[in-house]
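Quick one: the structure is below, and I'll ask about it shortly.
The letters A, B, C, D, E and F name the chains in turn, as written, and every chain counts its residues from 1.
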Amino acid sequence: MTALLTRDLALAIRAGGGFGLGLAFFLIVTVMVPFAVGPVPELLARIAPGVLWLGALLACLLSLDRLLALDWEDGTLDLLATSPLPLEAALSIKALAHWITTGLPLVLISPVLGVLMNLPGPGFVWLVVSLALGTPALSVIGTFGAALTVGVKRGGLLMSLLVLPLYVPTLIFGAEVARRGAQGMDPTTPLLMLAGITAGVVALMPLASAAALRVNLR
Amino acid sequence: MTALLTRDLALAIRAGGGFGLGLAFFLIVTVMVPFAVGPVPELLARIAPGVLWLGALLACLLSLDRLLALDWEDGTLDLLATSPLPLEAALSIKALAHWITTGLPLVLISPVLGVLMNLPGPGFVWLVVSLALGTPALSVIGTFGAALTVGVKRGGLLMSLLVLPLYVPTLIFGAEVARRGAQGMDPTTPLLMLAGITAGVVALMPLASAAALRVNLR
Amino acid sequence: MSMSNETAAPKRPSGFWSYANPVKFLGLTERVLPALWLLSGLSLVVGLIWGFFFTPDDFRQGSTVKIIYLHVPSALMAINAWFMMLVASLIWLIRRHHVSVLAAKAAAPVGVAMTLIALFTGAVWGQPMWGTWWAWDPRLTSFLILFLFYLGYMALWAAIEDPDTAADLTSVLCLVGSVFAVLSRYAVNFWNQGLHQGASLSLDKEENVADVFYFPLLVCIAGFVLLFFALVLYRTGTEIRLRRARALLAREARA
Amino acid sequence: MTLTIRDLCVARGGLPVLEGVSFSLEHGQALILRGPNGSGKTTLLRTLAGLQPPLSGAITGAQDRIAYAAHSDGLKAMLSVTENLRFWAAVFGQRDITPAVESFALAPLQDRLAGTLSAGQKRRLGLARLLVTGRPIWVLDEPTVSLDREAVAMFAQAVRAHLASGGSALIATHIDLGLEAATLDVARHRATSQTRAGATDEAFL
Amino acid sequence: MTLTIRDLCVARGGLPVLEGVSFSLEHGQALILRGPNGSGKTTLLRTLAGLQPPLSGAITGAQDRIAYAAHSDGLKAMLSVTENLRFWAAVFGQRDITPAVESFALAPLQDRLAGTLSAGQKRRLGLARLLVTGRPIWVLDEPTVSLDREAVAMFAQAVRAHLASGGSALIATHIDLGLEAATLDVARHRATSQTRAGATDEAFL
Amino acid sequence: MMPDLGKYADAVLSAYGVSILLLVALVLLTIVQGRRARRALIAIEKRSRNDG
């Protein structure tokens, strides 16, 4: 178990910045938004929570294809499936490694990007809280998407297509928490929903992922 | 030359919808935006041109990693490099195939998504024109990014990091054309700039891409 | 630095290019560096203390003008570091001197630090002056883009295993990136006319920077320039040693 | 416990490839699978390793006792030789990787990244992985591809040692390994077009 | 024109691997490269194919005359056997793919997607690609990996026909192909640690 | 000694603080890395001279 986690982390760091790149992508996407919609401060402030959540989601999504595809190509998954480690546990660990290398850094840097997007003062805390609570769900759901598409050569785009709709509830509640927070409203209800989704997904999704992966390994 | 183009197109269609997926991703990203920023019609109308351009850009970006990586893995690039076809020409053709399977469908479907995003009436023509003029540049610049990162295992994220800043000028002028069009202003100046960038990039970038690829094949 | 087991190469280039030889380069920098460190430290200390303690407040900006002694030199160096990387990359692509490309590699983190200082001091300055930490002003925006180019450049170095491949690819990226950085600058200017002051270092625009601010600023700029050179030379030496260690290890493994 | 295969029928791409395969593999025994290209060796081995279900027939004694090695070795280019071995050892609950390193003469390559090995060196590392699984049944698909003569001998020696310590091995190969072992020619079990593909979908075939 | 190699020194990963390699290859000749794993055969062949520059030495007569085939065959899993061959024929300005199909007995597999072939069948298709290049010098890295005995004979036959028609071939292999050809043992050309890696950076090595 | 920074004290002090911190960190990092590389190289050279 720990061996798998440390190996995945080591690989993420060595293969040219597993940490850095997710971050950099998040940064770039949020930086591109003003170029696209124009440099109007109050407009930016209004869409800031949503854009930051969307940016985090896309950064997560883009790194998903590294999650299983490499291990599939070089046969590691075949060998893991025949190993004593249950596939469910292996996939949970891989999701955890993905979160540590992608989700966690995003959470930590989001306040800086909030500044760039003119996020109103009270929004910062809630942005961080909602991301910290929501990104684990993104990693776990993403693992399912990766398991579904792992047999497909370069299934990156297909996976995005499958995963994005699954991300909708997390995105809605997460962005709602951040938005209400930024407008000084009470974010408890969406926060509870977000927490519920994350808890449920972390507990149950690995079962589905393992089932999908087993089919793909056949 | 034609053989390479038809093969790339055939592969894109057969390998599970090269056309469909770019489109679908574009669709989903633009659909996610209302979830993220909240369903306020006039807000959506205001950010519509920018969001559509950003969506097109991301859809393009996400399909870039198929552009060369598959051919690298199975040795096709080695063999192409030793073939009579100059590498510059081969890469131009690959960029063209990428545009036909990704950029062109985006251009064609953008009016529909404009409706979803409440794009104001006069904006439609200019949205389509700007995308038609700008997406070829995206494909060509993307080919350069792909050529730079082709040796790196699963360099998708790294490639995004390298390519996104290169996309900035195209994005700014493209989105500006669409935005001015939507607001009934005169978009000629940014349109000319956009055309200039596309022309320059199409003419010169393949040289850089071929140079990078040759280094990577060593 | 012991490279005593090296034999002399058959024919060596002379003059400036002779420093493309790593041994000679290390020999030179070994001698120059102490002086460089000392000078840069001295001018930084003098400039910053002068600026911070012994200059008056501006009538409009109050004490915030003191930020200029960090902001302007770091912004200058951030841009010039990239320019130096561009020149060094070109030298590598044309003459294939390893030291040159290693110097470019060594300069990137320094450039990033300078960019970060410029961004941070600018943001802190902007809060009282413009009422916001950040505005999408063209100067600021193109700085952010420069920051992204630095990140991309460093990430590419980190991602590629073979040093010569990495050198070639990062050099090509530096070239293409420079063109696009200039393009972006124009695009951004077109897209938004900003808040930031224009060039005020030119001496004829006396209204912008009075002499009291001007001289300590010059000392600070000199300090930053010297520090940049000291850092880059030292780091290039480090990169050369890492390359050599790598080569020796590989040779050992193969023997 | 012996590995016993009874009347196995395996399919690839929805079509039966082999049928009526039966054998059993005792402790200390090796079995060489032979057969021309495309005859179904790979399919059979993947089925035994539990990576795909058989169409019909029974496999007993395979559960959690098989170490499978095919062309893809599960090696990470960015990890060193020892790191790769350590990882697989940990996954299979083992600790000691020295026997593996020694059997395949990997000591001089120990600190090299796996991605910088030559084809044959990579292959040796892939085979060394078998030793750190601690599993008794080795199921190997063309293990000696790219190996030079010396390395093939090294491999044969490792197999002999494994058999001597009570393990068993099932090896598909086209070349002569110099092992004293029974041979099974899968060509004789080629599925005839009569073979049905499954229970509920006979109508398709 | 003969392929002539004079005093070639090739490097991999920044280190010299082979030095002082000299030979020439006339029309109708084949040369077999031998050497233990990791001795530098692959590196030498890639250099000759023009995929990497030599450290020093001269290669004449290689420009645009080499057809290179290694482990990766440049085959697309989603294209059929004929489509794959047609594509490479078009890239090399050829038209007729029937000789290639016939030489490697691919007719029964013609309409199968390349991805559904077995390891040996895929290899046969990769070798058939050589015939559609129309290039006179074949440079082959372990061409017979995964082939059964019959297919190896098929390959040897194709090489003989190629030589008879005035072509030449350079083959790195660990097994005996049954070809009557000269052999070059690269192990004798191993670069000593004295060899320098480049022009201006002597101090690195 | 300390000049009166007025209401902008926070801004000026934090700008100086962070910038100097960044510079010092950069210099320290550079020197630590340099020292480490130097030591590693000397060790390797010594070993390879003893072996060969």
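Brief remarks on what is shown
Heads up, the rule we're going with is that a contact is a pair of C-beta atoms (placed from the backbone, for glycine too) under 8 Å apart; a residue touches a chain by one contact, two chains touch by 3 or more.
Source: prediction; values computed, not measured.
Counting steps between touching chains, the shortest path from subunit B to subunit E takes 1.
Of all chains, the one whose Cα centroid sits at the greatest distance from that of subunit C is D.
Of all residue numbers used at the contact between subunit A and subunit B, over half are used by both chains, marking a mostly same-residue interface. Our note on geometry: subunit A versus subunit B, Cα centroid distance of 24 Å, whole angstroms. Annotation: 45 Å between the Cα-based centres of subunit B and subunit D. Inter-chain centre distance (subunit E to subunit F, centres taken as mean C-alpha positions): 52 Å. One finds 34 Å separating the Cα centroids of subunit A and subunit C. Looking at subunit F, residues 52 sit in touch with two or more other chains. In subunit A, the positions touching at least two other chains are 15-17, 21, 24, 28, 35, 38, 70, 153. The set of subunit E residues touching two or more other chains comprises 13, 71, 78, 193. Across the complex, subunit E meets subunit D through its residues 13, 35-38, 42, 71, 116-121, 123-124, 142, 145-151, 174-175. For subunit A in complex with subunit B, the residues that touch the partner chain are 15-17, 21-22, 24-25, 28-29, 32-33, 35-38, 43, 46-47, 49-51, 53-54, 57-58, 62-63, 65-66, 69-70, 152-158, 160-161, 164-165, 167-168, 171-172, 175, 179.
Interface of subunit F with subunit C (complex): residues 1, 3-9, 11-12, 14-16, 18-20, 22-23, 26-27, 30-31, 33-34, 37-38, 40-42, 44-45, 47-49, 51-52.
Every residue of subunit B that touches subunit C in the complex is listed here, in rising order: 144, 148-149, 151-152, 155, 158, 161-162, 164-166, 168-169, 172-173, 176, 189-190, 193, 197, 205, 208, 211-212, 215-216, 218.
For subunit C in complex with subunit F, the residues that touch the partner chain are 1-3, 5, 48, 52-53, 57, 62-64, 66-67, 70-71, 74, 109-110, 113, 116-117, 120-121, 124-125, 127-128, 227, 231, 234-235, 237-238, 241-242, 244-245, 248-249, 251-252, 255.
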